[in-house]
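These notes open a run of structures that come right after.
Look for subunit A in each of the two complexes below; its partner is subunit B in the first and subunit C in the second.
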Partner chain A sequence: MNDKAQLHTLEGLAAAVLMTMTVLMITNSTMMVTPQNEMAIDVQLKQMASDALTVIDIVPKSSAQSNNAPILHNLTACVASWDVTEEATYPVNTLDNLEDGLSYLLPNVLYNVDLAYVENGNITQKKVIIKGSPGKSAVVARHFVTLTNQTVSDMNGTWNLDDDELRVVEVRLTAWKV
Partner chain B sequence: MIDEKGQIAVDFLLGISLFLIALIFIVQFIPSLFLSGSAGESSLDYTAYRTAAILAEDTGWWGNSTSSGTAWEAHPDNVMRIGLAVDHEPESKLTNTPNLLSKDKIERFMMLNESDIIEKLGLYNNVDGAHFSYGYNISILQISQNNTPLILNNTPITLGEATPHDRETSKITRIVLVETGTIAYFDAEELPIDPNPPVKKSKTILNVTGPLSDDVKLYIDNFDITGTDPSFNKLVLDGTNLSENIDYTTYKIVNGTVLPLNSTGNFDNNSTVVFSLKSGLFNNFHTYQLEIEFKDVQFTNTASPFMDYTQELEVLCEPAYLTVEVWN
Partner chain C sequence: MESLRKDTKGQWIALSGLVLSLIIIGLAALANQAAMAGYHSSNAALEFPKENIRELNLHTRDNAKIIKDLSFEINKTSNESIPDIYTQLFKNYSSQIEKLHAIHGETVDVSLVSINSTNGTYGINDIDIIFVNITYNDGRTHYESKPEVIEVGA
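Presenting the complex of A and B:
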């Protein structure tokens, strides 16, 4: 019988103890941090971005004009006031009333805002606020507003809608922290 | 002769037993190391997120054996769930305005006792049936006042303890709109000239029907300016001059920026002039007459009856941060 290269019982025991002790030593001496906190920061930023759009969207007209915040119009009115011929080019933004509100609600956060809508069967996406190039941890919040010719003319916008036309516009906020 | 084929050797039996014992030991021991490193913190994350979400987005719920609804602030003994979102139509039992917080619900929330808050918001850890309460701090912070707690009814809106600096905490911030009071907006062109002698075009009059629980907040804009020194002179209530900074305060808003304004300060036709009068001036069931006198401003409306502050009331909402922080 060939007994070469066999692990004997006591050697096996010693090997098992050695391996177990090694694993224990490594796990005890290393701080194991799973990336939960990073996820929590992402969730927080996404929640804040979404809240900022929601709050601007629901601010009543009377409060918009009279509270201490620079949110003078709700989200629908802000979008309605946009001049469709003017797309933002860094560092010039073309939707200042929305930017005033967002910079007030989201200090220390950088963001870009795009408007996306369907026009003549094609999806159009226009940049209206540019603060820079989004980082790897950027999050996106979306909110839809519905424009009519009335809301546009009230805000002196240039959306050129018919009286019976509705235009659904997606406000896309890309936010990140530096 | 006994056939020894197919027998398990004692060596093999011992070897596999040792291997299994070592494996079971490692599997049981190592996950507990992982758990102690992260699960405790992440359950705090969940608790903070859930608490902030339910406070900001839910109206809350009350119920007893015969009835139920969202207006839990009116039924504090039967609260089942605490939520602060406004429900403008309680009969619908839904909220369509998440992130808009009700003043009444916040004020009632501040009056709840600690055990109710911990129990109803689930601010505890359940270990083998035993409840261990988390430390917590729930605050509503004014963005316009450098994130200091919002003050409603002379009470700063903050619950729980101060955040400890010696341990891990988990914090979630939500942006909300808070109902902070009521306001009435008036266009100066629509306000009537005060017909009481001596008649001055720079003086207008407004009815205020009492009693009032909130301070009177008057916003007047679109002034017709006639001279070089447009300013506010005085307020007179039922024939009595009111004292600035005691009975009322005044300021102006220009393009969304709040600026001070006293009885000698100027404003222009882009300004909204704001008067904030103490609710204590309007305690009785009575229609008060409030005269507002300006300088170098004229009112043009002579025909219409007096306008009533109470009929023009609207809710004033301020953006704020709702923060929930929890710790073990």
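Presenting the complex of A and C:
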């Protein structure tokens, strides 16, 4: 019987076990799924939310749009059209034209929208779109618009501003995926 | 076992097995480094307030024009000069934007430096450039634009 090179056989076996264990360790490591990890998705979602507000903000005035366009009003016009006496209560939203634009730009994403503004020196925050309770990985994008009496009356809003008054409104979009 | 100890052949094979193992261990270490880099870059991208600073900047630029138009509207029914009206409106804007940032723990300062006119008069077509100082600080990131030059000409 040929009993030579037994050590070689053992070495071969040891090397195979070592390589297999190393490959298993790498593939099982949770750190290896970085490109798909939660934080990378958050970064993408935050950019998408921010871009959605930016796109709505630069839409030309409604008169220049065709009625078939998915986004009819820009962000300033949407906010100007809001009835300040109507705060959203789930599932009734009070800023439909903004919701139309956001649902078109953010498919498969849930979001809430709040408006914050300074009134008589105090901060007022109102909910205008509620889609649910934000998950723990929710991201927030913010955009500012400035309203004047002219922009409000053009959109039949009820902000009740004086002719010499301007109001800065923060549009806060909280977005998350389920 | 005696025959195993005496067999000294195949040393190259033993050595190459060792080298291969070391290479694989090295690659595993590198792969983990890449994973850590991915984590930290995602974290940095989330923490850096790029969009907030851009938005503050762009909104201030938009407002410089809105305030100019509003100043001329108010001037039609007021005795105050256009630069005075502009300054008051800008102050009002600064106060609002500073409060709205303060609720997020961010310190923002937007102040008007000067209103510039091509020929020294302040007609609707004369005011062309506004100088504004913008400062943003959220505790980690500090941004300054002094001055931000804003063209508001027709």
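What we mean here is this: the second predicted complex is superposed on the first by the 136 of 178 C-alpha atoms of A that agree within 3 Å, B and C clash if a C-alpha of one lies under 4 Å from a C-alpha of the other, contacts with A are read in each partner's own complex, and residues count from 1 in each chain.
By our rule, contacts are C-beta pairs under 8 Å (C-beta built on N, C-alpha and C of every residue); 3 or more make two chains touch, one makes a residue touch a chain.
In this text, all values refer to a predicted model and were calculated from it rather than measured experimentally.
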Partner chain(s) touched by A:166 [first = subunit B, second = subunit C, both, neither]: second
Partner chain(s) touched by A:116 [first = subunit B, second = subunit C, both, neither]: second
Subunit B versus subunit C as contact partner of A:52, first or second or both or neither: first
Touching partner for A:18 - first (subunit B), second (subunit C), both, neither: second
Touching partner for A:104 - first (subunit B), second (subunit C), both, neither: first
Which of subunit B and subunit C A:43 touches, first, second, both or neither: both
Contacts of A:69 with subunit B and subunit C, given as first, second, both or neither: first
Overlapping contact positions on subunit A, where the subunit C interface meets the subunit B interface: 7-8, 12, 19, 23, 31-32, 34, 37, 40, 43
Touch list for subunit A against partner subunit C, complex: 3-8, 11-12, 14-15, 18-19, 22-23, 25-26, 29, 31-32, 34-35, 37, 39-40, 42-43, 46, 50, 116-118, 123, 139, 141-144, 146, 148, 150, 163-168, 170
Residues of subunit B that touch subunit A when the two form their complex: 11, 14-15, 18-19, 22, 25-26, 29-30, 33-34, 37-38, 41-42, 45, 49, 56, 97-100, 143-144, 170, 172-177, 183, 185, 217, 219, 253, 255-258, 272, 274, 314-319
Complex contacts: residues of subunit A adjacent to subunit B: 7-9, 12-13, 16, 19-20, 23-24, 27-28, 31-34, 36-37, 40, 43-44, 47-48, 51-52, 54-55, 58-60, 62-63, 65-72, 100, 104-105
Contact set on subunit C toward subunit A in their complex: 3-4, 7, 9-10, 13-14, 17, 20-21, 24-25, 28, 31-32, 34-36, 38-39, 42-43, 45-46, 51-52, 55-56, 59, 62-63, 66-67, 70, 73-74, 78, 85, 89, 92-93, 95-97, 99-100, 103-104
